[in-house]
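One chain, chain A, appears in both complexes that follow, with chain B as partner in the first and chain C in the second.
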Partner chain A sequence: MVNILFWVFAVIAIAGSVLATTLRQPVHCALSLVTTLFALSVMYLLLSAEFLFAVQIFIYAGGIMVLYLFVIFLVEPLRGQEIATEPRMHRLVGPAVVLVFSPVLIYALSGIKIAPRHEVKAPQSVAPIKLEEVLQLGPRGASDPAVRKAIVGANDPSFRDIGNTKVFGLKLFTKYLFPFEIVSVVLLVAMLGAIVLGRKRFSSYSEEEEAQMLAEAHYHTSRIAPFSGETAAEILAELRSDDERQHKGPGSDFKVVPDYEE
Partner chain B sequence: MIELLVSVLIQSVIVVLPVLLGVAYLTWLERKVAGFIQVRLGPQHVGYRGLLQPIADGIKLILKENVTPLSADRAVFNIAPLLAALTALSVLAVIPWASGFVIADVNIGILYILSIASIGVYGIVLGGWASNSKYAMFGSLRSAAQNISYEIPLGMAIAGAVIYLGTLSLGGMVDAQARGWLIFQNPLHLLGLSIYAIAATAETNRLPFDLPEAEAELVAGFHTEYSSMKFALFFMGEYVNMIVVSAIAATVFLGGWRSPIAGLDGGGWATVCGVAGGIVWVLISVWLLRMAFAGKRFVKSVLFFVGIGSLLIVLELLGVKQGLIFGLGSAYWMLLKVFVALLILMWVRWTYPRYRYDQLMHICWRILLPLSLFYIFASGAIRFLGVST
Partner chain C sequence: MLEVTPFQIVILSGLMFFIGLVGFIRRSNLIVMLIALELMFNAVNLNFVGFSYLLDDWNGQMFTIFIISIAACEAVIGLGIIIALYRHAANVEVDEVSLLRW
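Take a look at the complex of A and B:
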């Protein structure tokens, strides 16, 4: 059963990634990538890492890819406007690279031995398993399906949370605490970078200099339209009142002027 | 192997069919509640008190012409409503509907639900984009941004509750509330429940957070270009989402299928009490409705509640592992809580005006997020200080 699922989702993953590089519409490519990530998360599940399965979908397929799609929407025109087609030659680069390097890759990877999936003896009694014993079963012992089936078969609710999550959390906050904190700092830096890059650009000129430049621009354009000439002081006053209006909110400079005489 | 598949299939049918029927009648309930709040009657003519209205609506939707815009992206246009509806339905599998009745009590239950919810965003995003229309595009972008923003306080409120309950699986959470509902175990969880309620209202795009599908603003938002069954799928996805979100609130914060008083969960005498309590509830609500609206309104209420009760009996008679009577009683409590949560959702919808988009974002990022961080911290602190579950 696991084998069938593995092959099905492996094919889906590879097909998704191939499509992600060959489809025409960027949105279709992003969706193929989502399919690939989904299939990869099922791979995690097949390796008994159910926490990673859920988190991969939650964060990668369901968060990061949505942001990818946002960027694609905002950058690409709505469908109907043509994307410039690239020369045929460029499409051959990818497959060429694969053909050249795959023998090297296969040779390099052929030396790896993957540990065979060993059958863990299910515990005979339904006595509670201590957490230390579970941890001693090895990195995947706690989430081994045979062990978990034995535990779940006891139908005892206190065992429900022995699984990838608990072991994951324990390791993450004890043995791998330092990398965890460093990664959070990295994310913080990324967030700060995004905020800094996306903030409103304030000009490096002072207000008077800006007003002077605007006045000069007005002067030049006022040759064409003589009514729009303003001095720098007037422009500065206008800009200042604009600022005031922004701070006080819309409508703060609105005055009701009756057009009849009382 | 085969019998596992068959049993799962039967259980799925037991859960999904009443939910779909419930979705149809949820629309009827919504229109009735809307009517009563606005001092009018709601659907009246189609069937007795409008009870056949959803069936008429369903037939109308099926018979409508299935329009696809010429320049729409055909494949994505067809997939989007499926994503919205199927992700909502997939969550039903992990919710414990009665004692001993949960289709798949995975040990990462709540994490699975949050993952599926984040896939549901694609239905909205792609629906708007594939329509190739400006209003749909704006609506879908806004709705998707709203959705992913409110996933954060939602997840954090759930995380705070999970810290306290000590387990990710929904069945385990209900078991951990054997001492009492989470909100009774510690009043801090009322904060969690409030954060969850607000975030869930925003997640399901319900008023006061429904700017993305507001008629006056964006025609119909991301489902402008959809008609007939695709629109029905979006609609159904939204209502199933409502049911799911209420069920999660009931499971995590309100004790799932447990009764508020210990010992009334299920079992012969307890079921009698539960059913008697149900009848008392019906009578009280009947009396209240009569006070509000002079006239023979109570017949509708009794019919509706009797209908739910018989549905519940059929549901339980067909497959509860731990015994018939216990299942009956506990399913009653679960459905009661889900129903009350749904009523509150509808009540809020027809009471409050819509939030503007920047107000919406302000609420999420500057109010709910700090509150939920505080909730996680406080929940962890209380748990750490030695309250045992």
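Take a look at the complex of A and C:
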């Protein structure tokens, strides 16, 4: 039963991933990826990773993909824009290579042998629980109700406490504390980066202040070479019309200016 | 108790990884490229969690949670770059915004 469920969700995950890279509209791709993430989290649950099942839904499907959808709505027009411009033969090279080399890959991978630890390590003592014994449980052992019964009796109130999440937390804050702190620093840096990248103006001065500074700079350099004597308002208008210059292409605002007096 | 062999875990996660890789190479829309990148991250996560189950070892799940956090940071920065690029070029196709100067 559990095996059938695992393979059903594996098929859903693979189908979602194929759709996520194939569909035309980015919104459809994002929603297919959400489906894939849900199917993957159920697979994690079946693989005794209960904490990761919840974390994947909260953070990945419920946080990161919502962010993607926000950006898609901010950035994309509603029609897909990609047109494949290669000839049809070229587009078949990729799938042909995959079909030729995948039997080789599958044959190479089929020889993997590990020593799976089917016996679940049950600790020796009975209630009250010792911290060292709990920490020695593997992830499969921590989720196994038989092991939990062996540690404390079924009537003990702390029977519900021991599980994948509790031992995960104990491990995270004792043995894996240093990567945890590093990840918090990385998250802070990512937040700073997002704030900097999302700003509209890249200088701390406003448009009027910049135009004023440019007018003053022009005035000071006019002692050396003649200039057209623009005021701050004219420079501001020129800065604002610069946005159109990008769409007309480079050199569209080039003007021939003679450097001698007529 | 789930019965799964290492071969099955590797084939599943490898297949997802290569689907993400091919999607990253073939698509030209930046957002779909980032979605394919997330797919690659999740394939690696599946590999880690599967082997953590098979070997009864905590290292797999620990690394998975760090991968999820770092993938979140990377998605945030990538999407910020996309927004900044869209403000500059009004386009997010890598075939179109291929000149560095304009």
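Rule of thumb we're sticking to: the second predicted complex is superposed on the first by the 132 of 262 C-alpha atoms of A that agree within 3 Å, B and C clash if a C-alpha of one lies under 4 Å from a C-alpha of the other, contacts with A are read in each partner's own complex, and residues count from 1 in each chain.
Just so it is clear, a residue touches a chain if its C-beta (ideal position, glycine included) is under 8 Å from a C-beta of that chain, and two chains touch if they have at least 3 such contacts.
Fair warning: this is a prediction, and the values are worked out from it, not measured in the lab.
Using the contact criterion defined above for the overlaid structures, shared-chain residue A:165 touches chain B, although it does not reach chain C. In the overlay built on the shared chain, the residue A:22 is in contact with chain C alone; chain B does not reach it. In the superposition on chain A, contact is made by A:57 with chain B only, not with chain C.
Considering which of chain B and chain C touches more of chain A, the answer is C. Contacts of A:240 after superposition on the shared chain: neither chain B nor chain C is touched. Chain A uses residues 51, 55, 63, 80 to touch chain B in one structure and chain C in the other.
Across the complex, chain C meets chain A through its residues 1-4, 6-7, 10-12, 14-16, 18-20, 22-24, 26-29, 31-32, 34-36, 38-39, 42, 45-46, 49-58, 60-62, 64-66, 68-77, 79-84, 86-89, 92-93, 101-102. Put simply, chain A touches chain B in their complex at residues 1, 25, 27-28, 31, 34, 50-51, 53-55, 57-58, 61-63, 66, 69-70, 73, 78-80, 148, 157, 160-165. For chain A in complex with chain C, the residues that touch the partner chain are 2-3, 6, 10, 13-14, 17-18, 20-22, 26, 29-30, 33, 36-37, 40, 43-44, 46-49, 51-52, 55-56, 59-60, 63-64, 67-68, 71-72, 74-76, 80-82, 94, 98, 105-106, 109-110, 112-114, 116-117, 120-121, 138-141, 167-168, 171-172, 176, 179, 183, 186-187, 189-191, 193-194, 197-198, 200, 246, 249-250. By the touch criterion given at the top, residues 1, 71-73, 75-76, 105-108, 111-112, 114-119, 121-122, 125-126, 129, 132, 134, 137, 141, 144-145, 148, 151, 166-169, 171-172, 175-176 of chain B touch chain A in their complex.
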